[in-house]
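As C-alpha cells, the structure follows; a few thoughts come after it.
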Amino acid sequence: MKFLTTSALALMMATGAMAAESCATGKTLTDGTLTIATGNPAFFPWVLDDAPEAGKGYEAAVAYAIAGKMGFDSDAVTWTRTSFDQSIQPGAKDFDFNLQQFSITAEREEMVDFSDPYYTSAMAVLTTKSVVENGAEPTIASLKDLVWGAHATTTALPMLNELIQPNTAPLLYGDNVDVTAAMQAGQIDAALFDLPTALYLSAVVLNDGVILGQFPAENTPSPDHFGLLMAEGSALKPCVDEAIAALKADGTLAAIEAEWLQETTGVPVIK
Amino acid sequence: MPSMTRRQAYEARQRRRATLIAAGSTAAVLIALIVLIPLTPGWEAVKHSFFNARVFEKTFPGLLNAFVMDVAIFAWCAPLIAILGLLLAVARDIRNPALYPLKLFSIVYTDVFRGLPVILVIYLIGFGIPGLGLPRPWNSPYIWGSLSLILVYAAYVAEILRSGIESIHTSQRAAALSLGLSSSDTMRFVILPQAIRRVVPANMNMFIALQKDVALLSFIGPVEIFRQAGVYKSLMANFTPYVGAALIFLAITVPATRFADHLMNKQAKARS
Amino acid sequence: MDRLELRNVQKSFGQTQILKGIDLTIEPGQMICLIGASGSGKSTLLRCMNLLEPIDDGAILLDGADISEPDLDPQPIRQRIGMVFQSYNLFPHMTAKENAMLAPRRTKGLSRANLDAPVSELFHRFGLGDRMDHYPDQLSGGQQQRVAIIRALAMKPEIMLFDEITSALDPELVGEVLDVLRALREEGMTMVLATHEMGFARELADKVCFLDQGRICEEGSAAEVLDAPQQERTKAFLSRVL
C-alpha cells in the first residue's frame, strides 16, 4: 500500500499546480473522475473479495497505480462492472478503461483500443488428480490425447489449438465455473487458463485440482498479453500507456505482481 | 373480360386497390427505415459491430460447419421426443385402475418438465448425472444434454398429443368399441392415427422451437453454432457472427414455420 | 341365433333417470322398432344393449346368460351384437374397406387376404362395389351409412342395433339405406331399430314399442300400436309425427 500513499501524496502536491496540464484532463467520462470497469463478478487473484474499491488483488492494485500516475487520487476513482459482451458493444462506453484479463489480439484491436500490456501471463494446464493418476504428463504428446475444455470467450481456445492441437475437439463453456463443473463430471480431462487463474481454480474451486504444467510466456509464439480495454479511438490511450510505461520503469508493476500473484516457478514447464 | 360478373369486377377492383395501398405503405416504412437508421449517431458503430462484412465473410463458413452439430443433435432428439411424447400421452389416457401409477407418473412428469426452464434441466442433468461418476463415454454432455432436451420437449409434445386425443369425438371411440375392438386397439388404430394427424402443425412448431433450443446445449460444452459464434465474437470483439448465426437459423426456421402454418390453414379449411 | 332379454333395465345419467325399468324380449329373427320422442330413451336403451353404457339395475340376458354383469368383459359380447349410429361414425382415416376389415382383423385374427372376399361380397351386395377404396369424406351420407352397416355386418353379428340411422340423411338418400335393412330382414337378421320412419316400421316390424319418459308405454304389432294405439301418450305422439 506504500506506493499508493506516496503516489497520492505526490498527486496532492501536484494537483494545484499541474491539474491543467495532466494528460487525462478533459478526456475522461466525468471531469476529475476516472471510471474503471471490471468483471462481474471479479475473481481472485485479480480482485479480492469482488471488491475492487479496496485496491486488493493484482488488477485492483494496478488500476489504482495507473490512476495515480494519470493524476487521479484514489477518491477520484469510481468502479463499474461489465461483462465481456458489454465491454465490446457498440455505442458510448460507460467506463474510461476496463480491465478483466482482456487478451490483446490484432482482431480485437480492430473493434476496440487496448493499452500496452500490463501483464503477460503464462498459460497453465488445469486438471485433476485422477487424470494424472491415469498417466497424463506435462508433455505435448501426452496432452494431445486428453479431452480439453476451455472458457469460450477467452483466448484459451486459440492458444490450445496453437500450443497443443488436441486430438479431440475441445468442449467450450460460458464461464470458469462451468469448466470446472465439466471437469468434476469427468466430461473433460483438462483445461487451459492463464496461470494465476489456474492456480486459483486448482486451489479453491476444484476438488483434487492439479496444475499439470505451464507454457511460460517467453516460450509461446503469441503470448497472452493483458491490456486495458478502451473505446476505439479513445483519447485516453496515450495517457494510459504513458502511466503503464512509468509503472514498469519504476518497478511498481513488478512489486504489485510480487505482492498479489503467487510465485509460479514451482509449476513444471511443459515440453 | 366479358365473362366477369358485376360482383367479380367489383371484387377485382377492391383487390387491386388493397394491393396498392399495402405496397405503398410497406414501401413508405422501408424507405423511412433505410433513410432514418443510418442517420442515427451510432449507426456507424453498430454497423461496424453487427454488420461487418469482413468478419461475416471470415466466420460464416465456420458457423455453417458448426450448424451441422445443431442439425445432428436435432436429428437424434426429434424421433426420441416423438416416441416418449406418444408414450406419455397414451399413459395419460389410461383408464385401467391397475395402471394408475403410470397415469400419475405421466401427469407429474408433464407438470414438472413443462414447469422448468430448459436451460436449468440441461445444467442439472448435463453436469449432475455425469457427476455421479459415470465412466466415459457414458458421461458425455451430448448424451445428457440431448436427454434434457428430450425430457423437456417430450412433455410438451405429450400435452399436444393429449389435446389431439381429446379432440377426437367420443363417437369414434364408441363406434370402435361397438365393433368389439379392445380399448388398446381402439386407441392404436382409431384414436391415435387421427389425433396425430390433427396435431401435426402444433408439433411442427414445437420442433421448430427445439431446433432453436439445441443451442442451449452449448452451455455444457458442445460447440454448436451459438457457441461457435460466441467464440468468434470473443476473438474479434465483434457481434457479426451472431448475425450470421441468426441468418442460418432463419434459413431453416422460416420455411419450416411457413410450412406449419400452411398445414394448419389446410386443416382449418378441411374442417370447416 | 339367440334371444335377447331385457329385464327391468334402469339407467341414470347423474340425477336424470333415462330408463325407468324396461322389459323387452327380442326373439331370434325378429325386427323390433323403438319409436318415441327424442329424449324418450331409445338411444340409451340401444347403447345399453351393446354394453356401451353400463346399466344401473335390472339385467340383460343373451341366450339366458347375464351380460350386464359389471365384471364381465364386454368385448366378446359386442362382437356378437352389431351397432350402427345416426352419425355413421366411420373412421375417416381409413378407406371404406379398411373400415370394414379392422374389427375382424383385430378380434378374430383374420388376415386382409382372408377377409377380402367376404368383405368385398358385402360391398357388392349393397351396391358399393365401386366405392370400397374410397375414404369416408369421398362418399355421400347414404353411402357412408351403408358402409357403416357393412362394417358392423363384417363381424357376423347375431343381432344388429340401429340407432336412428336415417335421421341425419337427406330425404332422397333415406331409401337406399332402408333398402339395406329390407334385405337384412329378408335374410332373417335379428334387428332392433330406433326410428322415426313410421311407414318402414309398419311395413316390416314384428313388434313396435313406444317409449315415453324411460318406459315402454305401449307395445304390440305395428298395426296395433301405429293404427290403433290404446294409450293417450301414444296417440298424442303419433298425431305429431304422422
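Per-chain residue numbering starts at 1, and chain names A, B and C are given in the order in which the chains are listed.
By our rule, contacts are C-beta pairs under 8 Å (C-beta built on N, C-alpha and C of every residue); 3 or more make two chains touch, one makes a residue touch a chain.
These numbers come from a predicted model, not from an experiment.
Colleague: Taking the mean of each chain's Cα atoms, which chain ends up nearest the overall Cα mean?
Modeller: B
Colleague: Select the chain at the greatest separation from chain B, using centres from the mean of Cα atoms.
Modeller: Here the answer is chain C, farthest from chain B.
Colleague: Just curious, how far off is chain B from chain A if you go by their C-alpha centres, in Å?
Modeller: 41
Colleague: How big is the gap, in whole Å, between where the Cα atoms of chain A centre and where those of chain C centre?
Modeller: That gives a centre separation of 86 Å.
Colleague: Where the CA atoms of chain B average out and where those of chain C average out, how many Å apart are those spots?
Modeller: 47
Colleague: Spell out the part of chain B that touches chain A in their complex, as residue ranges.
Modeller: 42, 45-46, 48-50, 127-128, 130-131, 133-136, 139-141, 218-223, 227, 230-231, 233-239
Colleague: Can you list the residues on chain B that touch chain C in the complex?
Modeller: Residues 171-172, 174-182, 185, 189-190, 193-194, 197 of chain B touch chain C in their complex.
Colleague: Quick check: in the complex, which residue numbers of chain A touch chain B?
Modeller: The contact residues of chain A facing chain B are 84-85, 88-91, 105, 107-108, 110-112, 149, 152-155, 157-158, 169-174, 178, 181-182, 184-188.
Colleague: Would you tell me which residues of chain C are touching chain B in their complex?
Modeller: 47, 50, 52, 74-76, 78-79, 82-83, 85, 87, 89-93, 102-103, 106-107, 148, 151-152, 155
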